[in-house]
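Every chain is named by a letter (A, B, C and D) in the order it is written, and numbering of its residues begins at 1.
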Amino acid sequence: MDLYEHQGKELLRGFGIETLPGVVAATPEEAKRAADTFGGTVAIKAQVLTGGRGKAGGIKVVKSPDEAEDAARQVLGMDIRGHTVRKLLVEAGAAIASEMYLSITVDREAKKPLILFSTEGGVDIEEVAATKPESIVRMHLDPLVGLLPYQTRQITFAAGLEGDAAKGVGRTLTNLYKGFEGLDASLVEINPLVLTEEGQVLALDAKVTVDNSSLYRHQDIAELRDVEAADPQEERAQEVGLQYVKLDGDVGILGNGAGLVMSTLDVVAQAGGDPANFCDVGGGADAEKISTALDIVTSNEKVKSVFFNIFGGITRGDEVARGLLSAIERTNIELPIVVRLDGTNAEEGRSILAENTPPNVKTEETMLGAAQRAVELAREGGR
Amino acid sequence: MAILVDENTRLLVQGITGREGGFHTRRMLASKTQVVAGVTPGKGGQEFEGVPVFNTIHDAVEETGANTSVIFVPAPFAADAIFESLDNGLETVCCITEGVPVHDMMRVANYPRLQNATLIGPNCPGMLSPGKSNVSIMPQDIFKPGRVGVVSRSGTLTYQIVNELTQRGIGQSTAVGIGGDPIIGTDFIEILKKFEDDPETECVVMIGEIGGNAEQRAAEYWQSEMETPVVAYIAGFTAPEGKTMGHAGAIVSGGESTAEAKSQALQKAGIRAATNPTEVAELVAEALK
Amino acid sequence: MDLYEHQGKELLRGFGIETLPGVVAATPEEAKRAADTFGGTVAIKAQVLTGGRGKAGGIKVVKSPDEAEDAARQVLGMDIRGHTVRKLLVEAGAAIASEMYLSITVDREAKKPLILFSTEGGVDIEEVAATKPESIVRMHLDPLVGLLPYQTRQITFAAGLEGDAAKGVGRTLTNLYKGFEGLDASLVEINPLVLTEEGQVLALDAKVTVDNSSLYRHQDIAELRDVEAADPQEERAQEVGLQYVKLDGDVGILGNGAGLVMSTLDVVAQAGGDPANFCDVGGGADAEKISTALDIVTSNEKVKSVFFNIFGGITRGDEVARGLLSAIERTNIELPIVVRLDGTNAEEGRSILAENTPPNVKTEETMLGAAQRAVELAREGGR
Amino acid sequence: MAILVDENTRLLVQGITGREGGFHTRRMLASKTQVVAGVTPGKGGQEFEGVPVFNTIHDAVEETGANTSVIFVPAPFAADAIFESLDNGLETVCCITEGVPVHDMMRVANYPRLQNATLIGPNCPGMLSPGKSNVSIMPQDIFKPGRVGVVSRSGTLTYQIVNELTQRGIGQSTAVGIGGDPIIGTDFIEILKKFEDDPETECVVMIGEIGGNAEQRAAEYWQSEMETPVVAYIAGFTAPEGKTMGHAGAIVSGGESTAEAKSQALQKAGIRAATNPTEVAELVAEALK
């Protein structure tokens, strides 16, 4: 679960990370009032769950409350990489001496937390990694031991820091690791981490991703989820325990198992089609779940045909066929549905489908054949 | 021979009296797996389908000589269950449980190495050596004993591909689902190594997906260390950036984690990569010629 | 540093360990008032830093405030294994169903915390270990991993506990381990840990030893030190950084290095003498420290001769001799002092001593010879 | 030969610019020890007695190839210093520092084994192989090269006994002070094993004291695994129960921890136990005959 900048900062402040004072504003008037409170220069920052907002014009630095109001009016409602700006963070200004980068991620290969630090902050770290790899200090931690003082020193010395900067970064790193652990984060990233002219080290941005599997022990964070910003169908899928991701194409796709569904998307694309979504209905043949999934997939207006790809494993093909029929009965879908059923008891399943299905349901024996058919049906126009 | 599980596997089921644990214990027993013990705290002394149930792994190991465990306990208790298995000397520990917190896994994931044990999973379908032992939630019926090793980050996609192999008459030595989470106990490389060392395995199918760079590392490993041919398949070419595709670990978050990048690395290393599950079986048939 | 029962309980309550309500009393009147507040049966418990107070009559169970006053009068001032009772813990009563034993210690061999649990509590655990070893459950913990839930279960199941008792002991153990870590304890022991008839699990006693080396990070605990109860000379020694332990004999002993001083005590005993103390003056030849040490050792009225055993290592023998002379000058000790000086530059040191010392200082070349001489001098009577 | 430290020891001093660290660095240099690096955070780039000083062990090892470290940093930072040495691949780490919290030591004490490294101490005088290398605070002058190994929980008592040996013309291969704390990195047994494997060591002196039961375990080990004769000495027969005798680990807290019990165990195993330091040298002379 990705958090907005203002949420991430709020949580990290609880672990001792220092930031500039800021206020969340949802209207130009609120932004003006906040700017008035802080006085002087303030930053108006779009709150969106995506990167690159700076380049997209989502951050404005202004010098007066009136300018703040104008800037807020421009930024609110802006579309940044498909995300609509509905909130702003109005943040006090600071005299910045230098910009650094600091993050802690989960390293899959080492199975350990990985710290990345660079004095070249404020820009895309992947760019820094590509052009000046030597400017990035990397260190793995043993999660059972935690972050040791020597490791903090090793990082700051390697980066060539001294005095206030070394102390401030060391303290920030110590606290950030506490936050990383305490929040069950899979990513905490501060870019830029700035050194002010007064020698303070402040987090000017914060990107926090909390591990979804840990949300059961962080009810407070789970409640931060911005339901309004989410796709309503993705939201509905999540509520019933379906994995659904909306895409841009016209072939609706359902299947059992994440890997099989990903593969199905690929096969449809190879057949010249354009997948409209990813939807994993999971194991079993629960008619209720299948019908909800069908409903979600077809509620996307773009969808012109549906490919339901089932591999009967533990759940036998005949059971799946019956579950599917019952699900289709409950909905009133008129779009063509291509069903491919394979695996355990597949033949029995296919004959059950052949005998009982409405005319818009077509069965296919192979995944490749079914993909081809679904793509053709979508081309023919569906509804 | 086979890898990880075989005739000598004496299996202990953690969470044997739960819904999932009970269901799959019946299936594993039906596959002739030696399920020698179950553990459910508070139900020690009972029996489940003829299998004695213990309160602790300590007791179960002492009484039954179990050497392998499979974990079906709910996610909040999974890491504790893994520690319990490892601390009590089990050699192979398979965690089926989905949704284990990533920080819990980081705490336990480097532990098995210290104990010379192997952890498979979490969020995986398990391990199955056809005709020998089934420590998994995989459907035994689609398998056939043979000489192809299968290692995969995914569940049903594995069944799809195993089914394609079996339908072509190609049997399997062992199939291992390593799991779809960001932090897993055992990665492709360790399994490839085991298959390389297994005289019975003549070809390996490696099924990858988006997220991380385990496939790239496996490709490098194959190129420098292996003689056994590998046929690969990667899922997720059409996955957009920043969206988790079902598995917690399946997310494109940088250049390396795309299917494209993985596929290129495989081909660069000289590994045959199929573009769809059916082609996997075709390439395996060629490799076995 | 050993803590009194009431101090240990107070600290452990902070980690969630449950106890009976109790009040510390220093006078019979205070004890009466406390008993009155609790009502019904109360226990009057001597607060001493030694075991065996029950057998010594230091614990009385009484049924009324008047009885409490009487009991307090009896127990206050009592001598228990050389410790004078100056405070009492007046504790409310409880209906006890069973008594158990629970402790966490530092296991030197495994270099790990060791949990011991037994349902045979309330008595000396070493006796239980000797007579019913199977009734003690032992478990080592990895301090980097901490106490895992399965370990708690393994302990309670192995002890045959069920229901409330298993839950209560599990919770107590979890909290006790937090206390063990949080207090930097080298021992936390609850004996008895009781199960009440209402199903509660309560710590009826608490023995907590905090690692002296950790006190710098536990100022609050360091301040709990009962200066009044300590031997005044041991107290003074501690202030100046000397290691001093008072014993019962008449040969005062000083030396440099703990092992050498222990060995010196042994050699004196083998020579038929009776060591009056252990006193390690440490390395170097600091005249100030040596004179303080001499003063502390000879302030013990029993001491009839002093054996100063020095092995010149890094500090050369001649330097040591000069330091020693300067120290003796500062004090007005008339007792015979046998000095044995060996090691680096020992000869030079001995000749310096031989030339300049007052008549009561005798030098010897060997440790055995010096011990013999000191013992003889003590027999002859000293002061 | 010798154990732990010898001509190949390339020493790094942690806390080289501190009072203790500086004093003993001068002494170790005077003993011809190869002191190749010092570490004091913030003083990187300086020199101390010609030895380059670094900010981190990482830098020091990279630049100088140090393989051994000796730690003089204050107690609150000692465990961190040990972790820093171990994580950076040093093979032998010796912590002289006294007063390290016991919980800090428990966290780090089982770590060296995982890295195939050896931790000596804390609260120990260090290791000295006469004429080869001096990684210690021991007075080199009283030593003499030879064939007797010395292992001890105590400092000055070791000097006393080494001096007795030297005065009799008996030289030493290596003397190791393992430390007087309850939790130490390396116990008697590991050192006895190294002496047993060292062809140059013909007899070992083991100097124990009250507290714990390390001497008993060493006696059992000697009886079952060693051929090299051992002469033992135990201090603390007159120590009362419950009083710490100078060393944090020297306290009689139960039957096993008394000098009496240790002495009996040694004799039962067939180890010669001396009753005073002078007798140690006599028994060694006999053993070497």
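We adopt the following convention: a contact is a pair of C-beta atoms (placed from the backbone, for glycine too) under 8 Å apart; a residue touches a chain by one contact, two chains touch by 3 or more.
Everything numeric in this text was worked out from a predicted model, so none of it was measured.
Peer 1: Using C-alpha centres only, name the chain that sits farthest from chain C.
Peer 2: Result for max centroid distance from chain C is chain A.
Peer 1: Of the pairs A-D and C-D, which shows more C-beta pairs in contact?
Peer 2: C-D
Peer 1: In angstrom, rounded to a whole number, how far apart do the mean CA points of chain A and chain D lie?
Peer 2: 55
Peer 1: Hey, how far is the Cα centre of chain C from the one of chain D, in Å?
Peer 2: Averaging C-alpha atoms per chain gives centres 27 Å apart.
Peer 1: Please work out the Cα centroid separation of chain A and chain C, and write it as a whole number of Å.
Peer 2: One centre to the other, that is 58 Å.
Peer 1: What's the distance between the Cα centroids of chain B and chain D, rounded to whole Å?
Peer 2: 47
Peer 1: Can you pull out the residues of chain C that are in contact with at least two other chains?
Peer 2: In chain C, the residues touching two or more other chains are 144-145.
Peer 1: On chain D, where are the residues touching two or more other chains?
Peer 2: Expected reply: 107.
Peer 1: If each protein chain is taken as a node and each touching pair as an edge, is the resulting graph a line, ring, star, complete or other?
Peer 2: Contact pattern: none of line, ring, star or complete.
Peer 1: Show me, using the given definition of touch, all chain pairs that touch one another.
Peer 2: A-B, A-C, A-D, B-C, C-D
Peer 1: Would you tell me which residues of chain C are touching chain A in their complex?
Peer 2: 144-145
Peer 1: Where on chain B is chain C touching in the complex?
Peer 2: 41, 44, 55-59, 77, 80-81, 83-84, 87, 107
Peer 1: Using the touch rule from the top, collect the residues of chain A that touch chain D in their complex.
Peer 2: Checking each residue of chain A against chain D gives 145, 148-150, 153-154, 157-158.
Peer 1: Which bits of chain A are touching chain B when the two form their complex?
Peer 2: Within the complex, chain A touches chain B at residues 50, 106, 108-109, 111-113, 126, 142-144, 181, 184, 186, 211-214, 216-217, 243, 245, 247, 255-263, 265-270, 275, 278, 280, 311-314, 342-344, 366-368.
Peer 1: So in the complex, the part of chain B that touches chain A is made up of which residues?
Peer 2: Residues 27, 75-76, 99-103, 105-107, 109-110, 137-139, 141-142, 152-160, 163, 180, 182-183, 187, 207, 209-210, 212-214, 217, 233, 235-240, 242-250, 254-255, 259, 275-278 of chain B touch chain A in their complex.
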